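Just below sit the structures, each encoded as structure tokens.
Here come two complexes built around chain A, the first alongside chain B, the second alongside chain C.
And then the complex of A and B:
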């Protein structure tokens, strides 16, 4: 017995370190800490922005300075912009071959399994390290279909018109303070264009790794899925843990064309010193479908509410999400949907788990405009609290401006039943295994929507969290 | 195999069992009968180690080892199994994966997937269970009868040394009782033992009974051979109620 116990701890240590291994900061350029006009201009110069982008950044900074911090969510007191380095360029150019990526960075992504996943199950991969993308590649056969998948900087040069037409149009800097911050200092991220009628059969994946302490990551992801096209995009993120606050304020803008389908899957596993203030919006044309699959495990504080604007008739969205908050984590997640046209539908299935004093808040905002007759919306939210110190809140908001709707909302908050634990223990599992099995089972409907390797990772994360919580 | 000595068990602040003695040898089938509220299920829970039932006095020995203070998983690993009267539903965990994890936990050895599957399906066949049940979430949406079959299935696959069946036959129709009995028969061999807690004697028709105990007000008031069952069928528990002297 002793042996097995020790063995378990051993595995746990190894696995945590996958995320926690820190590379020596070896930047080729970094800005000073803080945020001001000079820093924003330096970033713009360094990145060789076109003029309109430089002006965009400068305007966004003005908006940033004019906006207040949000007061309705988890505290942001621990985040001091004066201590954040907003731009860190790794010591490499973007490569299309892993062999060209510097050893330490390559090893980090190897440990995260990215090149392996690329070989086995992805159509293309982008890998960002601190502020810049260090690797981007797409399979030849996908490229031949006319699919564009590249980093935002290249897109800004090579597809400037397309970028200009869509960049920060769904999320404007005025949306909130951190959208404005993003507009001012954004760097990195992926650009995807799928031409009409093209179905990308296997997913594209971008992975965002923040290595430097006290740094911010502000990648911009812009995806356009044209008429009748189909794409699954996966986003992964992680960072090693530091004692200083790190900041992630990315933006994701998704354009889903007529009868197109986009699935956007995220596994977010930031370290617990991270302020994750990410913004994501999708707009969906007639007959289009937007699917969000999201697992939020990491960060100290999260504000994350993917929004969907159902612009065209018969457009629809599905949201499947799970949030897991452990000690010291306050994760405010949820979604917003605007039903702007008739016969639109939204289906939301959200789960949250909190333990060791962790706090999960789930906010849903369903807005049905007067024109959106025959709208259907269903929200289901289930929370599991693993102990008495933890907290779980559900805050549903509905604004419905027509009578011809079919709306449903269901919320359940519960605890693990002692009888269920005893039942599993009577079959040989120890207390930790029994609890982990119940929690994994609770998360299963979400896990099965995730790409396989992420589902495995999620089960594994739950296992680790549970081991940490007992004894 | 099992020795229960002078057991006193409390649930919350209420004494449920007192001065209870029971001895089950290897290969034996014991039957526990008694009116509602006599403490039959409590006895099952206490032997399995439910933390909600505290043992205030007495001891439980299994194969000579004192397990009175052991947790349920340790008792399970030693070979004790309880078929629950109302098994819990565990959403998101398939019956098949659950049983595989359980076997891994019990034996500590990796489970060979194909051999395990074959064995699982064979046991399901014995119980007339559709194979689809293997991929359904554990007990979720199962009818009363299906839950009982799922318990017996677990017993067949996990092969405990001592199985306690807590009213496995209650709420079942005639055909289901037959099927469950068939499962119990398939399980029984000369090395393992059974304690069958029941209200009903149908499940017993197919099994060789070694001892019958009548549990009344938290203690065993009468033990005997299989003929006791016949007696109860005719006149109920009335004869065994301790006389109240006015």
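And then the complex of A and C:
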């Protein structure tokens, strides 16, 4: 190959036309830019928080002010909290019927396919627009099973004890600066409770849309799946692109009970001016199963590491994720697992694609505590580089404190194999078909874990256009 | 005297600080550093007359831009206190068949060796250097080594370093290497003794088609600690690296291994692989690995594989079915675990000594 110019695979940029349509900002209330005690108190008053929550917010702000920015990961220099509006209430109340949602907001969600998905394949939907949930509904038959699915503000009023017991207990404000920020200014998000033994056969979905420029979204998702219950929860997010930085610092806290199962799927497609500094943690009891399925396509900068604490014996987690970074994107994604009990297992399958100057980092930690005897953990991490302007880094750490462990880790970085193309062409495919099949095959393990319509969306997000030989 | 080095063995890219792998530090009392009065050279004089054993200032300039695995604080310390070491320049085209063999046997009279080595292999030359580090029983010894390696075009340096010090000794082993086109460094390291071991390597594969092959074994028992930082930077085209570690940990011993393959933009056709295989014997050990692959070039292949766990039950069963009791079978398997590196040592007597050393250490083990 030396001396000849290799043509590169060309992967088209994500078609963002649907996501980039901006609504005129029509807020009924918004705070001034920046962050101080006055703003935090205003948010608390506007939301009519109980006293303990108001105090929680104030304490979280103190923690925020005492913590430093992370010293690892992509640069956050372009994020200035003095320019972020932390609370924007859209000019509507939460509705249970799309007909009552204001036309412009409804049209936005229509374009994103949310109401249609609700009709065809979901057990319930929540839709957040800027800082507040504008639509929430759950199918009657699911409600009759005792399943609670509502916005966090309603949960705080109607299920206060349950919220108080679980809210920011897995992710405390001291976890890191943006967890503290979240604790101070959180707004919106979903609350789910699945009673013991109940299996929700079709998924629930919350969709988060950030419309306003220079704004932050800080939704809180709290899910409790009780003993022997089963749930698939889907989270989607998008925003139109602006020339100013937007910030997403949500928190997701998941409690998986004994022998329960929770699948948490995310298709993240924030705009490329977004700083996505989201925090997700699951705690899994005896025999429970946590499954993360995640596709990260958007954002200018992402810090996203779903964490799992395997507390109970025989609990397990699976992580299946793909990250796709194009020009102007620096996506630092991965996961954390703590094996804290005997006979726990984790299985990780992570993929990334970097192109056009994009940067993907896979970062992980796997901790096996001394009590976690008979632990099994396997990690597979594959990264595809489509040009030499991009970057792909793999930063895994494994910390093992017992001998009764079976730990395997594999990582591979490279471009598409010429041999694979040659093989497929020898079986009768033309070059274009062979290339398309290889790249689609690379993402396929993730796509197959998603519900059909989301797999289609993911394939839509990875539109491939080939020219010349792959190299 | 007190030794204090901070921010050493720094991971090339930082990660979460609570994992404790971003860097390390050392604060230990060490013996006063006096002139090292023993002659460490075991090789015969005829061999050494053939090569230039003294370097000049220009050789030192060659390494002025070469960084090391442990880092600047350790380099400054070694340069300030250096009391032994060697500088070798192998003339172009010369292939020295007989290894240069150095022994550092530390004792009460010579408890501290601060070793500064420059090994330069000019174009198309080859040299093998074997260095062993031992300390007399009960003597709390200290060794700090800094070895600079430079390979000219198509040159080969084989460096074998075996550390068999006692459980009261501190050992720092620091390497900075720069490889020219078509050249090769074969490195074998045995970190089998010492109370505290800090080992760092940085190799810059600047020349096209240059190769580094690293085979390391380590053994932790008692409360020994080992801290590694290997960084291989692929700059040249078609460069190859192989990093292979076999380790065994038992009792309360701890190990941190940082291994980084960094494919720089322009390193087209580069291939790098790192593998770490660890035998674990009991709860209470600490086994931390951070195998990084950093990549700014698409036309490369970078691979990492790691496996840690107990001795393979099937193999154990097989050996016991041949008449060995469980403890003997396990001990034999530990010895076998180190063979891939031991077999690369050019002296059978040293191979035997290492096997005996491991056997002796294992003889105290009542159950594993």
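Simple rule for what comes next: the second predicted complex is superposed on the first by the 426 of 471 C-alpha atoms of A that agree within 3 Å, B and C clash if a C-alpha of one lies under 4 Å from a C-alpha of the other, contacts with A are read in each partner's own complex, and residues count from 1 in each chain.
Keep this in mind: contacts are C-beta pairs under 8 Å (C-beta built on N, C-alpha and C of every residue); 3 or more make two chains touch, one makes a residue touch a chain.
All figures in this text were calculated on a predicted structure; none of them were measured in a lab.
K.L.:
Specify the partner with more touching residues on chain A, choosing between chain B and chain C.
P.N.:
C
K.L.:
Is A:431 in contact with chain B, with chain C, with both, or with neither (first, second, both, neither)?
P.N.:
The answer is first: A:431 touches chain B but not chain C.
K.L.:
Can A:414 be said to touch chain B (first), chain C (second), both, or neither?
P.N.:
After superposition on chain A, A:414 lies in contact with chain C alone.
K.L.:
Is A:266 touching the first partner chain B, the second partner chain C, both, or neither of them?
P.N.:
The answer is neither, since A:266 touches no partner chain.
K.L.:
Looking at A:308, would you say it contacts chain B, chain C, both, or neither? Reply first, second, both or neither.
P.N.:
neither
K.L.:
After superposition on the shared chain, which partner residues are touched by A:373: those of chain B (first), chain C (second), both, or neither?
P.N.:
In the superposition, A:373 touches chain C alone.
K.L.:
Where does A:150 make contact in the superposed view: on chain B (first), on chain C (second), on both, or on neither?
P.N.:
Neither chain B nor chain C is touched by A:150.
K.L.:
If you lay the two complexes on top of each other, which residues of chain A touch chain B in one and chain C in the other?
P.N.:
Touching chain B and chain C on chain A: no residues.
K.L.:
Show which residues of chain C lie in contact with chain A when the two form their complex.
P.N.:
13-17, 19, 21-22, 237, 263, 265-266, 268-269, 280-310
K.L.:
Could you list, by residue number, the parts of chain A that touch chain B in their complex?
P.N.:
4, 417-420, 422-431, 433-434, 437-438, 440-445
K.L.:
Name, in rising order, each residue of chain A that touches chain C in their complex.
P.N.:
1-2, 6, 8, 71-72, 363, 365, 370, 373, 383, 385-388, 390-415, 471
K.L.:
Quick one: which bits of chain B touch chain A in the complex? Just the residue numbers, please.
P.N.:
Contacts found on chain B: 48-52, 71-73, 75-77, 81-82, 84, 87-88, 90-93, 98, 101-103, 105-106, 108, 137-138, 154, 158.
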